[in-house]
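Mind looking over this structure? Questions follow.
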Amino acid sequence: MSKERLEAFSDGVFAIAITLLVLTIGQPTKYTDLAHQLGLRWPSLAAYVVSFIVIGIMWLNHHTIFTHLDHIDRGLFYLNLLLLMTIVFIPYPTGVLGEALRRGVGARTAAVFYTAIMAINASVWAALWLYASVGRRLLRAEFPEAQRSMATVLFIAGAFVYTASIGVAFINAYLTLAVQGVLALYYALDPIARRTRRQQVASP
Amino acid sequence: MSKERLEAFSDGVFAIAITLLVLTIGQPTKYTDLAHQLGLRWPSLAAYVVSFIVIGIMWLNHHTIFTHLDHIDRGLFYLNLLLLMTIVFIPYPTGVLGEALRRGVGARTAAVFYTAIMAINASVWAALWLYASVGRRLLRAEFPEAQRSMATVLFIAGAFVYTASIGVAFINAYLTLAVQGVLALYYALDPIARRTRRQQVASP
Amino acid sequence: MSKERLEAFSDGVFAIAITLLVLTIGQPTKYTDLAHQLGLRWPSLAAYVVSFIVIGIMWLNHHTIFTHLDHIDRGLFYLNLLLLMTIVFIPYPTGVLGEALRRGVGARTAAVFYTAIMAINASVWAALWLYASVGRRLLRAEFPEAQRSMATVLFIAGAFVYTASIGVAFINAYLTLAVQGVLALYYALDPIARRTRRQQVASP
Amino acid sequence: MSKERLEAFSDGVFAIAITLLVLTIGQPTKYTDLAHQLGLRWPSLAAYVVSFIVIGIMWLNHHTIFTHLDHIDRGLFYLNLLLLMTIVFIPYPTGVLGEALRRGVGARTAAVFYTAIMAINASVWAALWLYASVGRRLLRAEFPEAQRSMATVLFIAGAFVYTASIGVAFINAYLTLAVQGVLALYYALDPIARRTRRQQVASP
């Protein structure tokens, strides 16, 4: 199985999922007082922005992981498909959350729903990493062992942190969006890549 | 005609078709009692999951077949276009089936419709394989002859099995989804690739 | 400007436009008597099939033309953008035609609209070919001169034939779909590629 | 981080955003007197055409900038993500503007909204260029210094010109579309590429 073609397919799916987010912002139904009508939709815009950042950073994370893989196998293909399934789904809770906030009805439920999807997604990331890295199954030979254990800790912690963040959704839906935006930075800080680089600098 | 560019085009179509599936899950119309409203849509979610797996595995199957092709010609292009036409169509019966199950009306018809599309799709897969492999028209020289006849049997059987699975749709629509999920494994088991690999191991 | 990156971008646009066609088939609104409801939508399905074939063959045609280009320039980029604009638009008249046929109202207007878009598209194809080929501006050195004049005749004739086909739309909307499907074969026969191949066989 | 994979991802996003524009043109709701109904939607068509040209030229601009980059880093990734976020959003104000013009209600607000998005977009372009070029952070060694300062002036001016063009939206919504179409030529003239080429011709 060609790693390059799976990357290209995944890139396509990421690109489409991130672009479909724009469809989650409902068009105004009344055009009198349009500025006000558009203003009412700012929660949808906020949800759009957060989900866009989230998917964008997931793409980067995907790219980083695949950089460290030597090859792929069927197991990774299925975990990757499961991962894409949770990512492609993101526009749905994004639309629900934006609309619930606009209506001022059901926002807590929508926030829990949104965060739960992110927690499932974080768990699939952890599963994919574990599958690829345990026993160095698919890792490149030059990927440092110290990095492997560190990344494993971080991916597993990520699954727990995202699950814990469901608690925030019970407090406030706007806070949920803010927290999810910040949590995306968790993956954005990219511990694998940074430490590998430092290692590379140090190793010779 | 460039095999690489047809693969890239097909990959794009697969990626978009699989992503559009998320649009088949209707947004809630009422936000009071949102948890209940979302729960009512679990059949749409189930249909989304099954169709996502189905298209994902079809992509893998497509990838595998093309790996064994030496080159392509106009006939293959047209069969591939026909194949893509039936795959791009999948979100439509997926949406209909999810909605029929949610309403509890028309579920049997929707299940027959969904399965019929899958049966047509399986027939086009068989046609594409036969076109490419009969007389080894487009196969790579190193593709083993024993594998060719085995794959031919499996693709033709696939068309019959999928057609027969329409019978399940008359029994129960939920069972239909389960059976389609399982049937996807038919292609997932990937007899071509596995046996080729075994052959490669054995041959030297 | 990189020819490869423009091809990749165009491929993406073709792949998405062809996939969005599925959204032109309206979901049933009533689920009692679902088989009948789905049956009523067969004109939308027919329009989907024809437009799918049309866009698929246009992709092939695009691929063929670009194969014969040595390089690209800004003029070609803008003509290509104009071409993509008319192709991306195709789902719109496709949806209108399918819906008009289903309702049995406005079918003639919808058929004229559909055909007019195809005629505009055929004219842009001719313009793109003329731009690339007149004075051999962008053609590869090995592209035979005899082929160039033949292709020029065929592209210009195509623009006229498509324009003339608007007349069919005034007669019958179903006939329009049939004619458009047949006309797609005009490009499918691919006179450039075939004759070039024959030439290559003859030349040594 | 691979420049090629970020280009491919960005190309995908551009291709999808430009294609989703077709969904901004609302389907007719009445099919009696269809020609008149379609005619009423010409503002949506005009908005489609302008936004299509705008996104197409932005793709070209993106392509040109990346040609001059030696490598990319995380900062550029995030600015590129922000840029894509504003581009993916374009179908939304496009749909609002087309619909407001069709209804003859809220057109001024919609035009201001549309232009404001374009101004934000122009500012992000300037930020991305500044990030990449200040201190020649990411530029190729062979990119001429004179070009760098010229391009910097032009990108910053672009942000101001687009912001100033919001004023036009207060005058007339149709004029706004025309001005935006013309302004797209600002980037289309591609000062970076042209001058570089001239430089290349002159330098030996």
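A, B, C and D label the chains in the order they appear, each numbered from 1.
Note that in this section a residue touches a chain if its C-beta (ideal position, glycine included) is under 8 Å from a C-beta of that chain, and two chains touch if they have at least 3 such contacts.
None of the values given here were measured: they were computed from a predicted structure.
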item: Type of chain C:chain D copy interface by residue overlap (half), same or different; value: different
item: Label of the chain whose CA centroid is most distant from the centroid of chain D; value: B
item: Superposition of chain A upon chain D: rotation angle, C-alpha, nearest 5 degrees; value: 90
item: Distance from the mean Cα position of chain D to that of chain C, given in whole angstrom; value: 27
item: Gap in Å, rounded to a whole number, between the CA centres of chain C and chain A; value: 38
item: Junction residues of chain D, two or more chains touched; value: 8, 12, 15-16, 20, 23
item: Contacting residues of chain C [partner chain D, same complex]; value: 1-2, 5, 8-9, 12-13, 15-17, 20, 23, 74, 77, 81, 84-85, 88-89, 91-92, 95-96, 99-100, 103, 105-106, 109-110, 113
item: Touch list for chain C against partner chain B, complex; value: 7-8, 11-12, 14-16, 18-23, 25, 27-28, 31-35, 38, 48-49, 52-53, 56-57, 59-60, 63-64, 67, 188, 190, 193
